[in-house]
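Labels run A, B, C, D, E, F, G and H following the written order; every chain starts at residue 1.
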Amino acid sequence: MIIQPNSKLVIIGDSITDCDRARPIGEGLFDALGNGYVSLLDSLLTARYPAHHIRVVNMGISGNTIRDLQSRWQTDVVGLKPDWLTVFIGINDVWRHFHSPNQPEWHVPLDEYTQTLDELLQAVRPSLKGLILMTPYFIEPNTIEPMRKMMGRYGEAVRQLAEKHQAILVDTQAAFDAVLNDLHPMALAWDRVHPTRTGHMVLAIAFLQTIGYKW
Amino acid sequence: MIIQPNSKLVIIGDSITDCDRARPIGEGLFDALGNGYVSLLDSLLTARYPAHHIRVVNMGISGNTIRDLQSRWQTDVVGLKPDWLTVFIGINDVWRHFHSPNQPEWHVPLDEYTQTLDELLQAVRPSLKGLILMTPYFIEPNTIEPMRKMMGRYGEAVRQLAEKHQAILVDTQAAFDAVLNDLHPMALAWDRVHPTRTGHMVLAIAFLQTIGYKW
Amino acid sequence: MIIQPNSKLVIIGDSITDCDRARPIGEGLFDALGNGYVSLLDSLLTARYPAHHIRVVNMGISGNTIRDLQSRWQTDVVGLKPDWLTVFIGINDVWRHFHSPNQPEWHVPLDEYTQTLDELLQAVRPSLKGLILMTPYFIEPNTIEPMRKMMGRYGEAVRQLAEKHQAILVDTQAAFDAVLNDLHPMALAWDRVHPTRTGHMVLAIAFLQTIGYKW
Amino acid sequence: MIIQPNSKLVIIGDSITDCDRARPIGEGLFDALGNGYVSLLDSLLTARYPAHHIRVVNMGISGNTIRDLQSRWQTDVVGLKPDWLTVFIGINDVWRHFHSPNQPEWHVPLDEYTQTLDELLQAVRPSLKGLILMTPYFIEPNTIEPMRKMMGRYGEAVRQLAEKHQAILVDTQAAFDAVLNDLHPMALAWDRVHPTRTGHMVLAIAFLQTIGYKW
Amino acid sequence: MIIQPNSKLVIIGDSITDCDRARPIGEGLFDALGNGYVSLLDSLLTARYPAHHIRVVNMGISGNTIRDLQSRWQTDVVGLKPDWLTVFIGINDVWRHFHSPNQPEWHVPLDEYTQTLDELLQAVRPSLKGLILMTPYFIEPNTIEPMRKMMGRYGEAVRQLAEKHQAILVDTQAAFDAVLNDLHPMALAWDRVHPTRTGHMVLAIAFLQTIGYKW
Amino acid sequence: MIIQPNSKLVIIGDSITDCDRARPIGEGLFDALGNGYVSLLDSLLTARYPAHHIRVVNMGISGNTIRDLQSRWQTDVVGLKPDWLTVFIGINDVWRHFHSPNQPEWHVPLDEYTQTLDELLQAVRPSLKGLILMTPYFIEPNTIEPMRKMMGRYGEAVRQLAEKHQAILVDTQAAFDAVLNDLHPMALAWDRVHPTRTGHMVLAIAFLQTIGYKW
Amino acid sequence: MIIQPNSKLVIIGDSITDCDRARPIGEGLFDALGNGYVSLLDSLLTARYPAHHIRVVNMGISGNTIRDLQSRWQTDVVGLKPDWLTVFIGINDVWRHFHSPNQPEWHVPLDEYTQTLDELLQAVRPSLKGLILMTPYFIEPNTIEPMRKMMGRYGEAVRQLAEKHQAILVDTQAAFDAVLNDLHPMALAWDRVHPTRTGHMVLAIAFLQTIGYKW
Amino acid sequence: MIIQPNSKLVIIGDSITDCDRARPIGEGLFDALGNGYVSLLDSLLTARYPAHHIRVVNMGISGNTIRDLQSRWQTDVVGLKPDWLTVFIGINDVWRHFHSPNQPEWHVPLDEYTQTLDELLQAVRPSLKGLILMTPYFIEPNTIEPMRKMMGRYGEAVRQLAEKHQAILVDTQAAFDAVLNDLHPMALAWDRVHPTRTGHMVLAIAFLQTIGYKW
């Protein structure tokens, strides 16, 4: 299965998605799509399938959690009338537990994360031709490391919601894990979160392969 | 055929290659490889074949012609001891005939271009495991347009040198022509020379597919 | 015929007109008129006919289409009470069909373009001493090139509206075509749209000669 | 008489010529010719006579006097092998008498000015197809004003040298005087020296008309 | 007579007064008073009469005419409750006749200038301990030069209003004229309007000497 | 034991030491000592023991390995005539194995690291009153993580050299390990290498406590 | 006594506190706490007592007096719901008497200072677990110097209010006085107000020691 | 006595003199003289005695001590062939004892200061028409304050050298002391060294009055 030609694909997320995209709408020429995986998958799609005319719109905002997505869902998702929607959220929801332990109200607990994402998907699913959910990840091979472990639980929630809402699930953690067999995390993301160019390419390839694009 | 794991691949060229790479050697973390096709093919290779550890070095310099390559060949090619070498030159050699018609000494005639490139390749070929030549291109579908026509003749010279020196030929003009069936040049390069992100991806994919990488 | 001494001439258009003019009104000393053809024709007029005291006002805004002109017509044309008015619009209306093929709502179709321009001229013509319409252009000698061809149809619409509204028609496409006999488009505008200094002079001379100024 | 097609015209002078030209050689695309009269006359020539291919090179340097020209004559004039040469110098030689009265060694006296210019022209005249001398000027209608008066004497020296060396004399003072009948100096140059865009156009037109170009 | 110790002196005017003063109120440490004559007279007063504690407030705004003063009189003069007031306006009212001849509505005619200034002074005079009016000037020794001549008429109007409102008149034109016996205008202000540091000192000394300060 | 009053303490190292110190010598007022642990320990010493007048000199340079220290040892250590010397090197020697796996000549092997450091210490030890060696660290609690493990081996080498050269050993890894019981690495250094302000304070306290300062 | 683990400590003050903290709330990673004593005491606390998880919030604003604190007390203190509160204000209240003697309404008299601070503390004390008052200081050993003397009176007022409101009093003047036995004020603060890094460390240590932290 | 008309006056010193003057020679239009007392005394002289044409050259360099003056004496004093010379040095020689107590080799002891200045004056005095020595100062009214006290001794040395070399002595300390009766040091220089605009005016007036200028 692939995205139908002439579809409009909106991608919403955090800094991994944002990557300095244009404001208020991340769409158009030059660097409007930012310099991360969104731009890469758009370029891969257009270079390889120029006749498909997939219209990609980047709505990532750095630092966002599911709470921020909720507050801008109407404007930044529903209002853009996507044919396909990609949601890639959760890294900050988890990360803040660890980098800001003294600020509990900055942490998003798993149940709030799951429930909010569920409601948002509910509201928009009927109007979509296709839905893609990307799991949050942590570029850390040690599966019992605390942040990796918590990230795994949020990723599992995404997997279940994908099933419930008939979405394609892009398992980004698995994509990075595969590469970590040959490369140390330092070669993919110094903070294990924000990828190098290679790390963004890992995401773009995982995205396209999971959907079903042949190369 | 593919590049042998653990090989060092040096790529030399003009602004299409350069793309703001690091100086003096375009190698290393972050944006050392620039933001053009070199970075893309490095990311594609590393993300897809992380165990191959291909070492990519970007030695492009904006505005270069074959004359400039000659003057820095010893330092920037031979001195770096590449296993594989890619040469992507000729666009400026042709372009200056058209944008600066009053300055004839800025133009590089076809015979000088061919002979110089031939000599440079001669000097380095024996020490290489592999050689890749990329044709110059003009993102213009009208084959009788004067600059496209002249570019075609320079590209043909590259094709013949590839044969002579047992090099892999990446026909970049053909790669862009294929995409031009579905997209106007304005969507790939406003000046028909410096590609958008999509245009750079066209180059990276052509490079990898011609060598023989499977996806 | 020439513009009457002491007249106020307002010129409205897109980036070709704008060229970094002063805001909100492009009028006055130093670089208030921008650095494009508007400044050149003002300088040519003042240097050659200093006693005429033609008052030139630049109201171009980069990226504008006829839709944008409609939304600011009351403020930026009618409100300025011009004696003479010049309208130079349409390049972006056409261009976006080609550089942003995936965004159909960004394209301005020919009928909408024609009808909107017609209405705007209708509204202001009675209050003017003179009206000048400049055709959109594409600096491309190949008349069957798709964007050149579409630009020709929009230019033809301008020609018909000039006739209907008793306007002077400045055929900018013809002016550029004349120069293209001796110069490649690369010497006049790398993207075939935004002119070099020479290209802007082509526009200024065409403007003054069409009106009827002797040198 | 006009400049022969395909000629190389070098223009050397001070800030009026310089106008932010490219270094070390003021030649080529974009703003290489600066934003003053040199760029204007190049644009006028190219737009009106595109087949002539006059190659214009701007070698002005802000703040120069005849002493500075002497020190760089070999490199910046002789070494460039011009077919035609334009020399436009003397304003700073005079001006410094007035704005820096306490620094007598900064002033260039008339006899030194005349003799140095004479020697420089002598050295290069035989190798030239044509020579153009532009008088220094002061945009001040009051002919007994001290600086205007002194400038007049330096201009007269240029006139005599033009005769001696068979040069075309562009009387820039006369060109400005004509416009000053209708415009106050404040509309042409706030300091009566550095022209507005209109003032630069006055120079460009005087240059071309004196040589003999028809419009 | 001198300004009473502990008085608050507000100075309102145009760019000659402004000189990059602090906003919204030009009062306080460091460069709050700008770098023109206001700062100089404050420094002279404080260094020579440190016990007087004269409080100086700079309310100049570049480009202002009497019209602008009228619109901000309530806030910038009355609202600050000055003991002493200095008004220094008129240069732009005159200048615009000459540098922008095509924009008649930018010129302030003499009668409007006089009447507005008269009304403003009327409104504030009763609340003041002292009033100082500074004439506009033009640093041009030729008294029949058109702009100097017109400036003289505006200065004469100020002289008459000083008499009517019992103000101290600082004749800035006379102060500059005295220096022009020994210095060319170029040594005092390249555009004959905006003074060098020496020109600002001429103003500061004239101000203090006219009021009656001994040194 | 503490550093003798009026001693000169030179600290050499990499980016952890450098922290934007002054060049060429990191000594003096304001931010000359950089904004890392060096500045903190200087402030702690001076605030708590103002009569001791310990003179701290920061000679860290970002990115340095033991190879770089060798090349500048004569100038940056011996030439400064320290009473006490601190060496804090090795993080980059290890790190590059992981973030740049394709560039083997960028890696410093353990034996080269040990032998070079040994020779450098040999050369300078006799002239010193005291020597302090700081172990390299990796802010990672998992002791079998590959980079942590390799860092441990380099730290062990430092420990042995400390013994051999009668140096005080500051075990920075142990200092961080203690804090990692209560804080996730993300709260101390996003890349587990470059510390936050808290991380630098951990280093400064470990330094002073190990030497023997009471608080 | 120490601050209870997991407490929230809000610190409000002037430029000594501010030090370029984040806006609107000075809390979080990187430089959110500014680069002054607040950041230092947070680092000291966290490095030494990582399990205490004291949450520090910096609400200093440069230039503030007690008047400014009053106007933002509700938002910046009460609204943040602190467990512990630190108030460090008064330096500007005093300083302005001396650096701006002509502007009496900029000075805050002692009685207004005392009464306002009293009211603010009254309003918030019941909701706090702990209150810390820091005296204003002047880094000047001469106790009869006028500004030092006046600062002493404001500090005495703080001491009395500390007693009245059961607050811990941090006597910053005494802390600086102790260091001034061995260091000239120039080594601690060039203007005797804004501390060097060492001066800020003096404040941080005084703060922690007064509360009762052992080192 | 005054400086003879048409004399060249060179002023050499430290940051108080420098004030951002032009390099390499501080002479000419605009801000070439910097924005401190040198510019002020030049403006005062020129505005009041425009016929005298005193040529002022500022050769101050921030941070200089007598050692730096020695190393550039030949180039920056002798080589400029002054008629009159002003030397204003010593503040940094003293200051460093206090702000950098740990760096004894940065301090210039009194005997070295005196002897070096003596030698420098010896070498140049015969060629001068006049010599002016300005004492170093500290804007501190407390004469037993340590830095004020040491500064007094250096000032006394200057007084004796003035006598020995028949120089005019400008007692800057006395000039500031007079103003300190009415103003706190904070109103003249926040660090008691670098003056506000008023402080620079104190220096300029002291300079001119001591020489003997009437106002």
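Quick note on the criterion: contacts are C-beta pairs under 8 Å (C-beta built on N, C-alpha and C of every residue); 3 or more make two chains touch, one makes a residue touch a chain.
Note that the coordinates shown come from a computational prediction; the quantities given were computed from them, not determined experimentally.
K.L.:
Count the smallest number of chain-to-chain hops linking chain E with chain H, moving only between touching chains.
P.N.:
Steps on the shortest route: 1.
K.L.:
So the centre of each chain is just the mean of its C-alpha atoms; given that, what is the distance between chain E and chain F in Å?
P.N.:
From the centre of chain E to the centre of chain F is 63 Å.
K.L.:
Would you mind pulling out the distance in Å between where the CA atoms of chain F average out and where those of chain H do?
P.N.:
45
K.L.:
Roughly how many whole angstrom separate the Cα centroids of chain C and chain D?
P.N.:
So the centre of chain C lies 33 Å away from the centre of chain D.
K.L.:
Provide the list of chain E residues touching at least two other chains, using ranges where the numbers run on.
P.N.:
29, 53, 99-101, 183
K.L.:
Can you identify all of the chain pairs that touch?
P.N.:
A-B, A-C, A-F, A-G, B-C, B-D, B-F, C-D, C-E, D-E, D-H, E-G, E-H, F-G, F-H, G-H
K.L.:
Spell out the part of chain F that touches chain B in their complex, as residue ranges.
P.N.:
Residues of chain F touching chain B: 99-103.
K.L.:
Could you please specify the touching residues of chain B with respect to chain A in the complex?
P.N.:
Chain B reaches chain A through residues 29-31, 33, 35, 39-40, 42-44, 46-48, 50-51, 53, 179, 181-183, 196-198, 200-202, 205, 215.
K.L.:
Residues of chain H touching chain D in their complex?
P.N.:
On the chain H side, the touching residues are 6, 27-29, 53-55.
K.L.:
So in the complex, which bits of chain G are touching chain H?
P.N.:
Interface residues on chain G, with respect to chain H: 95, 98-101, 142, 145-147, 183-184, 186-187, 190-191.
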